[in-house]
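Below you'll find a set of structures to go through.
Paired with subunit B in one complex and with subunit C in the other, subunit A is shared by the two complexes that follow.
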Partner chain A sequence: MKQVVYVAWRYLAYHRWKTITLVGAITLIVYLPIGLRVLVDQSSRQLTARADATPLLIGAKGSPLELVLNTLYFGSDHPALTRYSEAMRVTESGLGTPIPMYVRFRARGHPIVGTTLDYFDFRGLEVAAGRNLAMLGECVLGSRAAEALGAGPGDNVVSSTESVFDIAGVYPLKMRVVGVLDFADSADDDAIFVDVKTAWVIQGLVHGHQDLNRPEAAAGVLGREGNRVIANASVVQYNEITEENLESFHFHGDLSDYPLTAVLAVPPDQKASALLQGRYQSDEDLAQIVTPVAVMEDLLGTILTVERFVVAGAVIVGLATLATAALVFLLSLRLRRRERLTLFKIGGSRLAVASVMASEVVVVLASGALLAAGLTLLTSRFGSLAIRALLRT
Partner chain B sequence: MNPVVSIEALEFRYREGDFRLGIPELAIERDTTTAFIGPSGSGKTTLLNLIAGITLPQSGRVVTEGVEVTSLSDSERRDFRIARVGLVFQEFELLEYLSVLDNILLPYRINASLRLGREVRGRAGDLAERVDIADKLDRYPGKLSQGERQRAAVCRAVLTEPSLLLADEPTGNLDPVNKWRVLDILFDYAERTDTTLVAVTHDQEILDRFQRVVDFSQFHEYGERSGAGP
Partner chain C sequence: MALLLALVGACGEAGSSDSAESVGEAGAAGEVGVATGAEGSTLLVYTVSYPLAYFAERIGGERVRVEFPAPRDVDPAFWSPGPETVVAYQRTDLILLNGAGYASWTDRVSLPSSRLVATAAGMADRYVVVEDAVTHSHGPAGEHAHGTIAFTTWLDPTMAVEQARTIRDAFARARPQHEEAFDEGFAELERDLLDLDGRLSEIVAADSARALLASHPVYQYLAARYDLGMRSVHFEPDEPPSPAMWRDLRGILEEHPARWMLWEAEPLPATASQLRELGVESVVFSPAGNRPDDGDYLSVMEANVRRLATAYGDTPER
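Moving on to the complex of A and B:
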């Protein structure tokens, strides 16, 4: 049999492009529906798991899906902004613990998640190296973000501007990395966590600058009206928060008006959850409250419908490709009629001649199936990463 | 001495067409060289196929190398052929996807009754050396000249050391230089190894080389020929 396999192998190697094309076609026929099924199963599991672990989200009225995707998976499209007063409202209601979320800015493609230390407890995130957030301007990196940025405790990460044309808007803030989180196999691994106030610093709502009462800032002062000092652009604004300049950082305006993308509400029990949801039923209310798992189930329903169409399409294309491959095999057998005759004439055994002829079909089908199995395995191994990357964009 | 091929009361016809071949008696002596001549379509190739057990007659006996091939099963005839009969074709019939060496070794790869070992590989190398294609063993047949291809085909036919060599128009596709060269190789091999050589040809120029020439027209019976057949 070894000798027959060798002859078969030589045939396939000699006609390598034909073989590669056929193997590729068979691989796709097998892989597309199975791989898609695996991917959908994984995404369903993943999306549901994180949504399941997140009881309630409060945000500005608008797309619930955008709110959920941004808060749970740190998607780049942020929802309409709500205000910090919504977090205060939850506290005042006594129906749950609010965790403010401000997921708007990025650093080299990684989401900067402005939140509080409650978030780490809520998600069960542990610091693997360094320490947790303690001071304004500090950040803690998710494990994959740390790896991708090549940063660890003691290094710095600079936030990106929202747009190159936003000259008067968000300036980059240099943040000091104080810790790296343990691998959590979730969207948290790709995030850069900062205190929500640091996120406001990035936006410029909280800022620090040279003390205008000091002599070295005198050149920048244009005039004084009581407590109000008018200064020109030569006054130094800090783009990094250090122990030395920390005191100079201050809020402008009312804290309750400060923006958030969402408030993650953690009610102590089902009753509190129901009561809290009841508080947001008014049409006049500018905020909405959503149950992430319900939103994700809606999304999954859509995904499953799309999957059914895609699989149906793949099956039809697959059948057409299979028919074409069968035609190629048949034509190949006809073209090899003379070769078959020669092998018979010189005394090739019936099994050997049949095996040499069938090798093309067997090897192509087996290789295609094997490759498809490999791809499916890769999909099941790395599919979750792809899903997460898709959700982030 | 027993003849290497003995045919008695042979009747053969194809399923389609009116071609008929009838051989009342024919014997080919061992260690001889015999040429069958005759016009195209007269059944020369059919005779070789009958001797080798590739085709079976409707009636009569064919005894080759002391074995009555007409009584063997298909599988037995294949095993018999690969071990005892060497075949050389007019169109060489090398496999395009195998290198020259793999083409020569082919009989050992397509029938489990033969074992491919180091000794066989060595013999293949020696044969290639003897016919001047040793430096082309890695090439594919498509990269060889016509003469080189037929020399490779001869090597394949004799690698199993058959006692009977059947050549079907072995020089039919060759230029004069290669024609004589291939003939030299065949005759030299037959003489050196005491192999019986049977060839069919319609090339009158080469008949002098054979010990015996048989005019084939005495055997075949024409009905109303349809053109189908050998």
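Moving on to the complex of A and C:
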């Protein structure tokens, strides 16, 4: 047996390029569909893990996918805005804890996530350096955001304008970094967290300025109607919140009308979850409630359909490749007729000669299969890292 | 091929354990709004006003540790805590808010909303809007910043009872095993508050049309509860009023001939004397906004009731 394998091995080594080509082809045929399956499986688990951990999302009627992607992964396109009254509605229902989310603004490419302290408890986010949010105008950085911005407790981060062309729109706000979070291995690592009220300050709904009742602010007064002072556009609004001007910050209008991108609702149990979902079934309701995992599964269903086509294509190509390989082998048998005759004449039995030919095929197939298995193992071990890196970009 | 299938199966299991870690990590964080202390531990409560601290202490007894961090020499209505104090508030089991715009500093800090208890939230229909508050808007069509809502809700004993009831309910949710004790504490407090209410009603009934003055606009809920004919000025007990202020007061007295002015604390002797010349006597009715040097909210209110009784009995008492 050893001699048969030796002769087969020497033949394959002599014709190394043909051997490498055949082994490479077999490897690809076997690895492509399996590796793709493993990657898709890992991707769907990565994408659904965060959705799995998020019970319910409430937002304005529109695309559920946009709502989920913006709230869970802080995508740059925000959904249609809903109102703070939706968070109050959840509180009043007694069916869950609302966590308001306002993910609209950015600072040097990093999403600014306006929320409340309950979000940190919910996601299990711990502060690694400094402290958590306490005062208006403060921010806490995710670990990767801190690294990318080169900022830590005591530094400042300035929000970006929403549009270069909207000069009367959102002004940049200089925010004080008070803390950096532990690495969470999620979208939270790239985010800049602020209190939702600070996000409203960025939008200009909450602002601070001189006291209009004071004589030195007279230039900013357009007129007076009874007890109402009407300010003109020259009133300078603070673009940084400090200890000195903090108390001047105030709200205009009704808090219930203030905008949010979503409300994350955390019901205490399945029954409360079902009851809460039942309250949003009316067609006249301006809000929708979605289960993130269902939305992600719909998205992944589309991806899996595409994957099935790709795998089917890979299988067809694989069969064609195998057929080609078989043809190459059969042709090579014909070309090696004199070689086989020589082996027979020097004392090799028919069985031995057939074994040499068969061994060559087995070695090529086994090498290809082993390489494919190795690549599949590597994919399963490191594929999730590659996926996370891809999701971050 | 069999080896390959075994390898693929092993890869599948490895993938499952990876995802279980990431789901578990997120899932462990899935609970929100749970009181920080263990079930048997003392409930830690922070309040934004002294009356709420008093109510919490009466209801909770030794099962509750109540903190009200405003300094004694500061008016808590205008106090703002620093970041360290805000962090202390964040770490408690419950934060008792008054509502009605009291403690406006809470609008400018981050507090865990799942632990906030808005004690007067259910009485928004009884809030008193301060009519002459100055507001502002940006541009003629801009939304206005809200005018002031009077916030001394605890001066109406019936509203104080409702605030205490909300506190009792919040305590019972956080520590259901002590619900009976909280009910007992609330019942005793309710009796005391309703007793105050009864006595005040009797005093005012003796002369329901009596005109009164308030040195400061802090008695709106007292006036609303007992239908007091009260007009406010802006005198400070420790500062002499300006000539313009005296002029305004004379103008008020012409159409509102009051004979008693309620003060938050003893006025300056010169001020009291000048008021007497105008036919107005002074009586202290402390709003009980901060911890007294002696006694507590109830003893302060009982002293208020006695002094008001004197005023309605028309016997000047200092």
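We adopt the following convention: the second predicted complex is superposed on the first by the 260 of 393 C-alpha atoms of A that agree within 3 Å, B and C clash if a C-alpha of one lies under 4 Å from a C-alpha of the other, contacts with A are read in each partner's own complex, and residues count from 1 in each chain.
Just so we're on the same page, a residue touches a chain if its C-beta (ideal position, glycine included) is under 8 Å from a C-beta of that chain, and two chains touch if they have at least 3 such contacts.
Being a predicted model, the structure only gives us computed values, none of them experimental.
With both complexes overlaid on chain A, does A:K197 touch subunit B (first), subunit C (second), both or neither?
A:K197 sits against subunit C, while subunit B stays out of touch.
After the superposition on A, what does A:Y11 contact: first (subunit B), second (subunit C), both or neither?
first
Who does A:D298 touch here: subunit B (first), subunit C (second), both, or neither?
In the superposed model, A:D298 contacts neither subunit B nor subunit C.
Considering only touches as defined above, state whether A:N132 meets subunit B (first), subunit C (second), both or neither.
Second partner only, subunit C.
Looking at A:L377 after the superposition, I want to know if it touches subunit B, subunit C, both of them or none. Which is it: first, second, both, neither?
Touch status of A:L377: second partner only.
As a test of reading the superposition: which chain, subunit B or subunit C, is in touch with more residues of subunit A?
C
Based on the A-chain superposition described above, do subunit B and subunit C contact any of the same residues on subunit A, and if so which?
none
Which stretch or stretches of subunit A touch subunit B in the complex?
Subunit A residues touching subunit B: 3-4, 6-7, 10-11, 13-15, 338-339, 342-350, 352-353, 356.
How about subunit C: which of its residues touch subunit A in the complex?
1, 3-4, 7-8, 10-12, 14-16, 18-19, 22-23, 25-33, 80, 83, 86-87, 90, 105, 107-114, 132-140, 142-147
For the complex, give me every residue of subunit A touching subunit C.
Within the complex, subunit A contacts subunit C at residues 30, 34, 38, 41-42, 45-46, 49-50, 52-53, 55, 97-99, 116-118, 121-125, 131-136, 138, 178, 184-186, 195, 197, 212-213, 222-223, 227-233, 235, 246-247, 249-253, 266, 369-370, 372-373, 376-377, 379-381, 384.
Write out the stretch or stretches of subunit B touching subunit A in their complex.
49, 52, 54, 74-75, 78-83, 85, 87, 89, 93, 95-99, 102, 106-113, 116, 140, 156-157
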